[in-house]
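The next block holds one structure in the form of structure tokens; read it before the comments.
First chain written, first letter: the chains are A, B, C, D, E and F, and each begins at residue 1.
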Amino acid sequence: MTNLDAYRIAKEPFYRSVGGEVGLFEAAYRSRMPVMLKGPTGCGKTRFVEHMAWRLGRPLITVSCHEDMTASDLVGRYLLDAEGTVWHDGPLTLAVRQGAICYLDEIVEARQDTTVVIHSLTDDRRILPLEKKNEVVKAHPDFQVVISYNPGYQSVLKDLKESTKQRFAAIPFDYPEAAGEAEIVMREAGADKSTAEALVRIGARSRNLKGRGLDEGASTRMLVNAALLVAAGVPIMEACQVALVIPITDDDDLRDALTGAIAACV
Amino acid sequence: MTNLDAYRIAKEPFYRSVGGEVGLFEAAYRSRMPVMLKGPTGCGKTRFVEHMAWRLGRPLITVSCHEDMTASDLVGRYLLDAEGTVWHDGPLTLAVRQGAICYLDEIVEARQDTTVVIHSLTDDRRILPLEKKNEVVKAHPDFQVVISYNPGYQSVLKDLKESTKQRFAAIPFDYPEAAGEAEIVMREAGADKSTAEALVRIGARSRNLKGRGLDEGASTRMLVNAALLVAAGVPIMEACQVALVIPITDDDDLRDALTGAIAACV
Amino acid sequence: MTNLDAYRIAKEPFYRSVGGEVGLFEAAYRSRMPVMLKGPTGCGKTRFVEHMAWRLGRPLITVSCHEDMTASDLVGRYLLDAEGTVWHDGPLTLAVRQGAICYLDEIVEARQDTTVVIHSLTDDRRILPLEKKNEVVKAHPDFQVVISYNPGYQSVLKDLKESTKQRFAAIPFDYPEAAGEAEIVMREAGADKSTAEALVRIGARSRNLKGRGLDEGASTRMLVNAALLVAAGVPIMEACQVALVIPITDDDDLRDALTGAIAACV
Amino acid sequence: MTNLDAYRIAKEPFYRSVGGEVGLFEAAYRSRMPVMLKGPTGCGKTRFVEHMAWRLGRPLITVSCHEDMTASDLVGRYLLDAEGTVWHDGPLTLAVRQGAICYLDEIVEARQDTTVVIHSLTDDRRILPLEKKNEVVKAHPDFQVVISYNPGYQSVLKDLKESTKQRFAAIPFDYPEAAGEAEIVMREAGADKSTAEALVRIGARSRNLKGRGLDEGASTRMLVNAALLVAAGVPIMEACQVALVIPITDDDDLRDALTGAIAACV
Amino acid sequence: MTNLDAYRIAKEPFYRSVGGEVGLFEAAYRSRMPVMLKGPTGCGKTRFVEHMAWRLGRPLITVSCHEDMTASDLVGRYLLDAEGTVWHDGPLTLAVRQGAICYLDEIVEARQDTTVVIHSLTDDRRILPLEKKNEVVKAHPDFQVVISYNPGYQSVLKDLKESTKQRFAAIPFDYPEAAGEAEIVMREAGADKSTAEALVRIGARSRNLKGRGLDEGASTRMLVNAALLVAAGVPIMEACQVALVIPITDDDDLRDALTGAIAACV
Amino acid sequence: MTNLDAYRIAKEPFYRSVGGEVGLFEAAYRSRMPVMLKGPTGCGKTRFVEHMAWRLGRPLITVSCHEDMTASDLVGRYLLDAEGTVWHDGPLTLAVRQGAICYLDEIVEARQDTTVVIHSLTDDRRILPLEKKNEVVKAHPDFQVVISYNPGYQSVLKDLKESTKQRFAAIPFDYPEAAGEAEIVMREAGADKSTAEALVRIGARSRNLKGRGLDEGASTRMLVNAALLVAAGVPIMEACQVALVIPITDDDDLRDALTGAIAACV
């Protein structure tokens, strides 16, 4: 059996709890209830699930979903590998057999039909039929499915099926409040307090532009990038251009608006 | 021959009969008539077919249908497995040979052309030609096809062909009435009676919002999830948010409406 | 050479002739003229071709056509099977070599390009080139192509090419007249005469709703299903709901109209 | 080298010349000029090319083109066959090497990109590069490309590229004039003269309906089918329904118009 | 290493220079600058590149581009051939390694993504990474890329990417002027001077109809075809119909216009 | 382990710094921050990344992205090569293991789902899961991801996902200012100063036509091409036609405008 040690989180991942999300997740995990993490880009969903996997002592198998992911990519297939033809468990099957948390990141990117393979794992059956092997895998008692979902991305064409959504409890996520976000920026980028607070103010301003030309405001991750550039000697105005402005828009008016907001905050 | 023991239902699955559906299914099974289970998400269709398989003592082979399912996924193929190249019966062929009930869940997701392979099994021929093997499998006397169908999902682009529909007797399903649903919530989540009844009232309210912004109301499964969170110590208002509200809508007005309904019921 | 015994019809399939269709088919078969059976779902086209195959003493190879059927699915391919790599005749090639009737059911579902492979078999050449084998198979003198075609399914996007249509003689089919249909219902479901006649009246009523909301009326097959449920002890009103109403429409008004028609007939 | 005897036309195919088409083809063949046969369905293009192949003593390799035909289907590929992995010349390559006439029937059905492989064969280069084999095949001196093209089928979406069209000399085809067509019907179906003449009149009438609801009128092939049914004892009115009317239209008005025309001609 | 002798042009291909195109090409070749030949169908682009390859003493590898050409078709792949699994250089890689001119005919037909593989060969890097082999092939000093491009074919949907276009120097081509074109017709078809001149006049007339119903006028190649038919004894009016009129239009008015033009010129 | 020497830049690539881009890149590289190079075609992005790879002493693995690039093309796959079936690292995995800079050129051409594989490499996880091998590769400390992005190419249908964009710091690029561009033209093409300056003036003029018919103005690369043709003896007016005008537009008015601009500058 494949050893899942590579999927264990050795060191506690830093996570600053915002509300009751740690407790809610633990409550859901008690009955191995499938959990959906809902929130915008870069607000900490991935970090949270790593933190919970560490806290609960479970290996974490993450799958970045995409449009061309097939059911076999999740479940497994016969592969010609160096030892000849052998069955190869996919990441989902690995998690099911050995009791990992399986985290399907941005599940809405996957085709609805691929999503269907988790149905028998997310109701009381908790089984995964491997049709090509004529095997029905019963889920390990510790196995849990977690998915992430960014409400800003859905559309009529691309959304989870109602029969998928209804299988999950959903924990909402958002950017951390100011003090918390500044703490994260200081910690991750080694920034001093005033730089971190200025960047957090800039982040808040950019998020106000969401829906007025911007798809999303600057994420905490972008603030950390700006702080890292500052730490490497780049002046803060230029660091903000490179880390916060130029990556997210090519529109001159929006760039001016963002630049004005930055100038007002530093 | 592959042993179907993995597909037998060892323990009676709890099922609370609503109308005459158990008797109707048994009547249809007498002549092995193909059966379509029609109803909304999470109202118990899968549980019902498991119950009937147990009751009739037949193995149950479930296939979650999806858009990329090919005829070979159902029927079988030559596979390179660990023993070399061997023919591998698909789940449908297994069921046909050995007299299982084959349950095609959400069949409307499958491409119409895949659906076509069940045609010769659902009229008086009851045969399955395996063209790649030059074999014509005559169905085992106990074999039956069951499909599920959610009327809320159909569209002009995605519906069963008339020539498929006309092969099936259809048993309608809906959410259980209040007392029955409360009993299910108590049983599945270990909830006390008043919590269960409150949740059932909430479920009924949410179903009234169907068509007024919601695609579907909260299923019985979601009520069970809420009760499980309550049992794990989450306050009922928060448990309902996480289990019933946030998963199904990102619309603020709908969330407010649902939250008001919940407050009125607890 | 593959033995076609599995494709022979051992027992006379019951078929109640409606007009001169048996004679017409025999006349066409005399010059092995390709034949198209035209008519609605479930009116007996498949049964007719089985009857004719039995009558003419020819094996019958039926292919349910679908959108993903490739030319190779019809003609054959090199396959890795248990004996290694061998050429495998497809169902059409089998029929061509050994003089079977090849019945392509719902041919309009196949892609036009797949249909093209029958062209050289349906003019005076009567050959099938197997390009991958560098073999030109001359059709067995008894080989004949039969196709079915449901005029209700055609659309601008999906129709036979003119150059395909013009290769066929076409025999029209429709539901049997009342007495004949009642006889079929009695025979197939073991129904008594008055039940059978009531069901046939119901069928006629439902066919009048075609084009007024229904895609097609209830087929003879559905009437047999209703009769089988009655024979198993289901009351006739309920049996009609399950076998005739619920499978074909989810529209409340149409269901009411059908229910009214049923009540008036039993 | 594969023996092309299977592709030789042993017996003179009956062909009744209409205009100077035999001479034109011979003139084009003198310089191995690529030839396009242009005309409606079933007017004798395929028969003509068979006749010319016989007349010129060349083997004839016919490919029915379709939308999924790939360049490899024409040119060849490495195949796993019973002797292991071997290169397998496609039909075009066979013709190029050994000097056959290669007839690409309904070429407009093929994807434009597949058509491209004939470009280097239809200008003065007369070579076919087999890229997978690193071989450049110089065309046999007797090799010629012939294509058929039905002007009624073209559309903006599906037409030959200008750079393909300009490589061909085009010979126009149409239905034979009345006396000639009657002679064909008599010869092919063993019909007597008055039946043949009646059918030819019917054919002419149906062709007048082209563009007024009919995509194409009845082809000579359909007239032969009607005559064959008459010869098998079917009354002429019924034979015409089965062979000429029902196959080409489901429109009641058109059927009435055709039926009237038939009644007026017999 | 594969021998490229099959790709060498043994005999000087006849080419009648129009303007300074020979000198321009030689100037571009001096720095191995990528060259684009721009012009209508059949005006001599292919002949020109053959002539230049002969003149410069380089082997010429021509690839007719099409929509389904993959990067592997150009670059190479592991193939199962008669000797087992071996890497097989594609035509582009062959040319890169051994210093051939690689001519990508009608490159706009290829998918933009396939075109991308020439990018690293058409800037100062002059390398071709074979990712599947972990090999980076440095281009032979004599290697050059040449592409053809017909401005009449482009559309919004199908055009070269700006970042591809900007890598090429472009040499414009057009039909030869009258005397030159007559000389070509005489030489290629063995026509006498007055026939050749008449055909050239006809060609000029047809090119005036471009944009007035015709996609392109008659190419020089078509004039040669007409002359060849005349040489084989076909009267010039009929030869022009077959070689110049019927292949390019099915529109009666355009055919009349062309026929009138022909009558006026002979 | 594959030797990356083929991917090392042996000789300093000439790069004329425009603003602070070298310093910014070095600052970003200090924390191995993912970098996006934003700018128009042919302005030096590729040259810049080569220069930086040389400067930082890292191997550079460049991938030209395209629409059909799959995740396996980046990550690797089991391949049948000459030694049998072996795992083959893709270019991204090679870079991840051995600490190269991986440059994904024109990433927006790749399908969004392919882009997803870089997500776990561009946040603090810095891991690449090879699901087919059950291996989680931790990035070499020197590994960095660099992408290029041409703002002129994006559209609603084809853009980076917000969750991808937010992972990158972005350095803007544009054409060099006049003196710098002239220096490049002199250096790369061996042009004299006055020719170089004239060409640079022409380039500036053509860039003013962007948005007025031209998708993009002439790149520095095109100016170099023109200079190379001049160096090979082509008169400057003709060289500009061939290198700057004809490749980028077929519109007569635009060609006239460009020609006028050229005449005014030389």
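As a working rule, a residue touches a chain if its C-beta (ideal position, glycine included) is under 8 Å from a C-beta of that chain, and two chains touch if they have at least 3 such contacts.
Owing to the predicted nature of the structure, the values given are computational and were not obtained by experimental measurement.
With centres defined by CA atoms alone, the chain at the far end from chain A is D.
A straight line joining the Cα centres of chain A and chain E is 52 Å long. Averaging Cα coordinates per chain places chain A and chain B 30 Å apart.
Per-chain CA centroids place chain B at a distance of 60 Å from chain E.
Looking at chain F, residues 80, 84 sit in touch with two or more other chains.
In terms of inter-chain touching, the protein chains here make up one closed cycle, each touching precisely two others.
Traversing the ring of touching chains from chain D and stepping first to chain E, the chains occur in the order D, E, F, A, B, C. Considering their complex, residues 20, 23-24, 26-28, 30-31, 33, 36, 38, 70-71, 78, 80, 84-87, 111-114, 116-117, 119-120, 123-125, 129, 131-136, 151, 154, 161-163, 165-172 of chain A touch chain B. Interface of chain C with chain B (complex): residues 2, 6-7, 41-42, 46-47, 50, 62-69, 73, 79-82, 84, 88-91, 94, 105-106, 109, 150, 152-153, 188, 215-216, 218-219, 221-222, 225, 228-229, 231-234, 238, 242-243, 246-248, 250.
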